[in-house]
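Next come two complexes built around subunit A: one with subunit B, the other with subunit C.
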Partner chain A sequence: MSDTPQVVQDERVKRISPFRRALIRPELGGIVGTVAVFVFFGLFAYDSGMFNSQGVMNWSVVSAQFMIIAVGACLLMIAGEFDLSVGSMIGFAGMMIAIFGVTMGWPIWIAILVTFALCLGIGALNGFIVVRTGLPSFIVTLAFLFILRGFTIFLPQVIERKTIIGGIGEAAEGDWLAALFGGKILGGLFRWLGEIGAIETFSRGTRQGEPVVDGIPMLIVWALGLVLVGQILLTRTRFGNWIFAAGGDAESARNSGVPVNRVKILMFMFSAFCATVFATSQVMEFGSAGADRGLLKEFEAIIAVVIGGALLTGGYGSVIGAALGALIFGVVQQGLFFAGVESSLFRVFLGVILLFAVILNTYIRRIITGER
Partner chain B sequence: MTDPLIRMKDIEKHFGSVIALAGVSVDIHAGECHCLLGDNGAGKSTFIKTLSGVHHPTRGEILFGGRPMHFADPRDAIAAGIATVHQHLAMIPLMSVSRNFFMGNEPVKRIGPFAFFDHDRANRITMAEMEKMGIVLRGPDQAVGTLSGGERQTVAIARAVHFGARVLILDEPTSALGVRQTANVLATIDKVRKQGVAVVFITHNVRHAMAVGDRFTVLNRGRTYGTAARGEITPEELQDMMAGGQELATLESSLGSTV
Partner chain C sequence: MKMMKGLLLAAGAALMGAAAAQAEGERYVLVSHAPDSDSWWNTIKNSIALAGEQMNVEVEYRNPPTGDLADMARIIEQAAASGPDGIITTIADYDVLSGPIRSAVDSGVDVVIMNTGTPEQTRELGALMYVGQPEYDAGLAAGQRAKDDGITNFLCVNHTIQQPSLGERCQGFADGLGVELGNQMIDAGQDPAEIKNRVMAYLNANPDTEAVLTLGPVSADPTIQALEENGMAGDIYFGTFDLGENIVQAIKDGIINWGIDQQPFLQGYLPVVILTNYHRYGVLPGNNINSGPGFITAEALDKVEEFAGEYR
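On to the complex of A and B.
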C-alpha cells in the first residue's frame, strides 16, 4: 500500500458530453417546454392579440398565480413531501379573510394577518402529523383537503346563509396591507409608455387616453419575489442543503445531524404561506370569497413542479424549473383561449405533458444516480 | 505503548434474557487499525453500538482518554469525536459530492444579515480531500450516485476525519464491495490511520483484516478470545477462532482451504 496519491484518470469513467451534462440540470425540461410553447403560439396565435400588452398581461397574471403555489409545492416536494390541501387552503384562507373582515367587521389588515397565522398553524399541523406518525403526506394532506373544504362551505352558510361573501373591495379601501396584495405598481411608467405610444391607450370611454395596461399587479410581484427567495434559499443556503438532504434520504440526513423533522414542518408551513398569498390576492382582486375557490389547485401546482424537473420522490428539483412549469401552464391555458381552441382540450394537454415530464425525469434520475 | 484512547472493560450488554455481550474488554489506541472479527451473531453490532452511544452497557466501563464516558445518544459520541461510517446510510445519491461532504456542517459566508452556503469553499475543500484519498472527481458537483460503492465509503470516511473524528468505526465497509474497490477502501483506512486516527474495522473477512490490521480481536458468542498483535497470529488461527474451531477445520479440508 503506497502513500502516493493515486491521481490517475479512471479509464472507465467516460467523459460526459455537454448535452448529457445539460440534461441533468433540473430546469432543462422547463426551458425546452417554455421555448416550444412560445414558438407554437407565436406561429399559430400571433394575430389573436395574445402578444399585445393586454394579452401579455393576461397570461402573465395566470402564470403568476400558478407560480405562487408552485414555489411552495416545489420546496415541499424536494423535501420529500406533498401537500394536497393547497387548493382547499386557498378557499379556506379567502373565506376566513371575508368572515373576519366583512362579517365581523375587523380592519382588513388584521383579518389578513390572523388568516396568515391560522393557515401557517394548519400547515405546521399537517407537517407535525406527517413527521410524528410517519404516515405518507399524501394521506394526511388528503384528509385536510376535505376538512378545510368542508369548513369553507359550512362556515359562510351558517353565518351568512350563502356560499359567497362579497364586499371585501369596500372593506379594503385604503388598507395598507390589502394594497400589498391587490394593488398595482409602476403605474407612472405605464402611463408614460402609453403617452409615447409604446403600449396602446383607450381611444374611447371614460378612461380615454389611459394605457390599456395600467401597472404590474402585486400578484406578479409576489410570484417573482417568491421564486427568487425560493431559488436562493434552496441553492445558496445551508437550509437549502437540508431541504435536499431531507428529501433525498431522511435517514442518512439524520445520521449527519440534519434536523429533518424541523425542515419538513417548515416546508409544510411555507406551502401554506404560498396558498394564503394566492388566496389573499384573489379575494382582493375579485372583492369576494367563494366556497369553491382553489379547486384542483393542488394538482396544478404539483404538475407545474414536475414539469419543472422535480422528482416526485423528493431530493431533486428546481424552483426556477417550477416557475417555468407554471409559465408553460399559464401560456397554454390562455393561449388556447386566444387561439380559439375548445378549452376542455387544456386538460388533455395537461395530462399528456405530465406523463412526458415524469418519464423524462425518471430517465434523468437514472443518469444522475448511475442506476440501470 | 501509550495509554489507550479508548479502554472498554468487561462490557456486558443484555437484551432481556439474551446476553449479547458477556464481558468484552478491548483497548483501542490512536493511530492503529483495530480489527474486530466475528461471525454473524458474535456480537459485533452490539459492540459497536455500545461504543457509538446507541446502547448503554448493562455492566462494565468505557474509558475515553482516561475518563469514564457516558453518552446519552449517538450525537454525543459524534461530538466527542467518535464517528461511525455505516455501510449504506451515509450518502445521498442525488446530491453532489460537495453537498454530501458538508451535509449538516455547511460552511457559511455572511453577506449583511444573511448567511449563505459558501459553495466555493465547500467545493475547494471537497476536491482537496478527495484528491488526498485518491478519488478523481469530474467536479465537486458530481452526484454521489455516480460513484462506486468503495468511493462512497471513502467519501464518508474522509468526511468523518475532516470533521474531527478521533475514533472511526467502520461497520463492514468491504462486505459488499468488489476486489478493486475493497483495495481502495483498505488503502483509505491505511491513510487515515497514519493521520493518527484510531480505526475500528469490523469485518468477518480475515484477509481484509490481515491487510491493514495492527491488532486483532475476535468476538465469538459475546466473548473475546483476547487481542493479538500483527505477526503474533496467522490468518488460519483467526479464522478458526471466529468459527469456533473444529467444525470449520473439517469443512475446510473438504473445500481445499479456500474459505
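On to the complex of A and C.
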C-alpha cells in the first residue's frame, strides 16, 4: 500500500484507511456477534455437553440448515427482493420427492432432478410475477407461501390419505444422487478419532464402539459450498455487481445497462434452489416427507441475513455475513437449551438477540459511514 | 475370557450405578411433537413438573415450536448430547425419529416412549417401555364394560375413517362385546351436520341399535344433538372417546354413560417416576403401561372439572 505511487490523482477516488475499511464491511456485525455468542455460551454452558462432539455436531447441523437458506435469501435481499415462500417451498419440495420417488416409484435421482426443475420453475414464476406486475415481492411470495403449503397438505392426502409419506430411506438405498444430499463424508477419519478416544463412542447397542459422530453430513458440505459460491459470485464477478446495482437503485442500474429483471428472476430461482437443497437433504436424512416441514423457515432465513448485516432495503450485504448470522442463530437456538433456559422463553431471547444485532449493525454502520 | 471381561464390566457398571443412586437430582428431558399452540400438552407439562418436584429430579420440557418433526429430531439429538439421565419422547413419525432415538439409546441414555408410538416400535428402538393408550386395548376395555352392562350391538361413529388408529377403537369395542364389527361402523365425515344426519339415518334404519360409540368430540357433539332430536337421548347406551365441554355436559345430563380418558397426566408423570426409580434402585415394571382407558362417569366429574386444563 505504502509503495503505491500516486501518479494519477483522481478526485473521485478517496483514500480510506485500512482500519476504516475493515469497519465498514457488512460482515463486521456478524463477526462481533459470533465472538460474543461463543464467549457467552463458553461461560454459561461449557460443561453442559454443548462442546462435546455430539453437541458441536448438533449446532453445526442446525446452523448449516440456516446457512443454506440464508445464502439464497441474502443474495435475493441484496437484489432488493424478499422470498417468503422459502419455508413452504421446503415442505413442497420434500413432498414432491416423496410422491415421485415413493408413491410413483421413480428412481430417486430422477425424483430429485424433476423436483429441482419444478421448484426452480416456481422460483422463476415468483420472480416473473414480481418484475412484470411491479407488485412488492412481499405480497407475491406471501401468496406462494399459502399456495405451496396448501398443495403440500392436499397432494399427499389425495394420493395416500395421509400427510406424512415415509419409505424414502429404502427407496434411496444406493442411489448416487441421494448420497450427495443425505450422505456423510470423512467417516474413516471419525472412526479413527473414535478409536484413539478423541471422540466418544456408543456404549451399547448394535453400534457399540462406533463413534457417536460418524462423519460430516453432506448438509454441512452443501452449506459451506453455497456460502463460498455465493461470496465469489457476489464479490468477484460482474454479475455480483449487477446484484448490488439491482437492489441499490433499480432505475439507475437499468439506465446503465444492467439487466435488472433477469438478475431478480435468477435470484428468485437461486432462493428456490437453496430451499430445495435444504428439503432434499432433510428428506434423505430422515426418510420421510411431512406436510408440516419447513414452517416459518422463511423468517429464520431473513433473520440470519439481517443479523449478518444486510439491509432490508437491498443493495447492501454480504454472504459471509449471512453465513455468520446463520451460525449465530443456530448456536443461540441450540445453546439456550444447553444453558438450561426454559423452552417457552426461547422466542423471547430470539427476539431480543435479533433486535440487539440489528441495532448494533445499524449503529456501527452509521458511525463509520457517517450516514444518517 | 470374553465373558469374564463382560462380567467385570457389568460389575463395574453396577458399582457406578450404586454410587449414582446416592445422588439425587437426576435430569430428565421430555421431548414432545406438539407445536406451541397445542394446549392439550399443557397437562403433560404440569404433570412432569409435579413428578420432578415429588421425586426431587430435574425435568425439562422441549418441543418443536411449529410442530415440525424434523426439528423434533434435532431436539432429541441435542437432548442426548446434553447428557441427561433419561429422555421421554414420542414416536410421532418412525422414519424421522427412529435414528435420533436409537442414537440416544446407544449413547447410554435411557428412553421411555409416551403417548404416540407402539409397543413394537418401542422395543425395536431399545427404549425401556411405552406409556400410553393403545387404541385397540382401549376399545376392547370399553366393549367389555358395555357387555357387562348388557349391550349386544352398537353403532360406531367414525369421523376420520382414513386414520387406522381410530378404526382400531371400533374393532376393539366390537371384540370386547364379542360381536362382528361388520357395517356397524359408519364413515361419518367431519362435517357436524352430515354426522348428525347420518347418525339419525342409521338409527332410523336400525331401530334395535342398543349402543352408540363416538370417537372424539368431533363425532360426539353432533351425535348428542341427533339423539336429542330423535328422542333417544338418555335412553340409548352412549359411550365416547376423549373429553370436551359438550361431552362433559352430556355426561352430567345423563345422555352419555361414560367418556374414555387417555389420562395424559399419567403419560408425563409415570415416565419420570419410573426412570427415577430405575436409576436409583434399578427397578423397572415388567411391561408397558396403559395410561388409559380411564372411564369418566357422572360420579367422577367434579375432579375432571376441578382440574380441567391443569392435570386433566
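What we mean here is this: the second predicted complex is superposed on the first by the 332 of 372 C-alpha atoms of A that agree within 3 Å, B and C clash if a C-alpha of one lies under 4 Å from a C-alpha of the other, contacts with A are read in each partner's own complex, and residues count from 1 in each chain.
Just so it is clear, contacts are C-beta pairs under 8 Å (C-beta built on N, C-alpha and C of every residue); 3 or more make two chains touch, one makes a residue touch a chain.
Keep in mind that what you see is a predicted model, and the values were worked out from it rather than measured.
Student: Classify the contacts of A:A245 with the two partner chains as first (subunit B alone), second (subunit C alone), both, or neither.
Tutor: In the superposed model, A:A245 contacts subunit B only, not subunit C.
Student: Which partner chains sit in contact with A:R236 here, subunit B, subunit C, both or neither? Use first/second/both/neither.
Tutor: Touch partner of A:R236: subunit B, not subunit C.
Student: Touching A:N361, do we find subunit B (first), subunit C (second), both, or neither?
Tutor: neither
Student: What is the contact status of A:I168 with respect to subunit B (first) and subunit C (second): first, second, both, or neither?
Tutor: After superposition on chain A, A:I168 lies in contact with subunit C alone.
Student: Go through the superposed model and pick first if A:L295 touches only subunit B, second if only subunit C, both, or neither.
Tutor: Touch status of A:L295: second partner only.
Student: Counting only touches as set out at the top, which of subunit B and subunit C does A:T141 meet: first, second, both, neither?
Tutor: A:T141 sits against neither subunit B nor subunit C.
Student: Kindly classify A:T280 by the partners it touches after superposition: subunit B alone (first), subunit C alone (second), both, or neither?
Tutor: neither
Student: Report for A:S85: first if it touches subunit B alone, second if subunit C alone, otherwise both or neither.
Tutor: Neither partner.
Student: Return the residues of subunit A at which the contacts from subunit B and from subunit C coincide.
Tutor: None.
Student: Touching residues of subunit A toward subunit B in the complex: what are they?
Tutor: Per the touch definition, subunit A meets subunit B at residues 1, 3, 5-10, 13, 16, 24, 235-238, 240-242, 244-245, 248-249, 251-253, 255-258, 311, 315-316, 365, 368-371.
Student: Could you pull out which subunit A residues touch subunit C in their complex?
Tutor: Subunit A reaches subunit C through residues 48-50, 52, 54-55, 57-59, 61-62, 161-162, 164, 166-169, 200, 202-208, 212, 282, 285-288, 290, 292-296, 334, 337-338, 340, 343-344, 346-347.
Student: Going by the contact rule at the top, pick out the subunit C residues touching subunit A in the complex.
Tutor: 36, 60-63, 65-70, 73-75, 77-83, 93-96, 99, 102-103, 105-108, 126, 162
Student: Sort out for me which residues of subunit B touch subunit A in the complex.
Tutor: 75, 78, 86, 89-95, 99, 102-106, 108, 114-117, 119, 131-134, 136, 138, 143, 145-146, 186-187, 190-191, 194, 211-212
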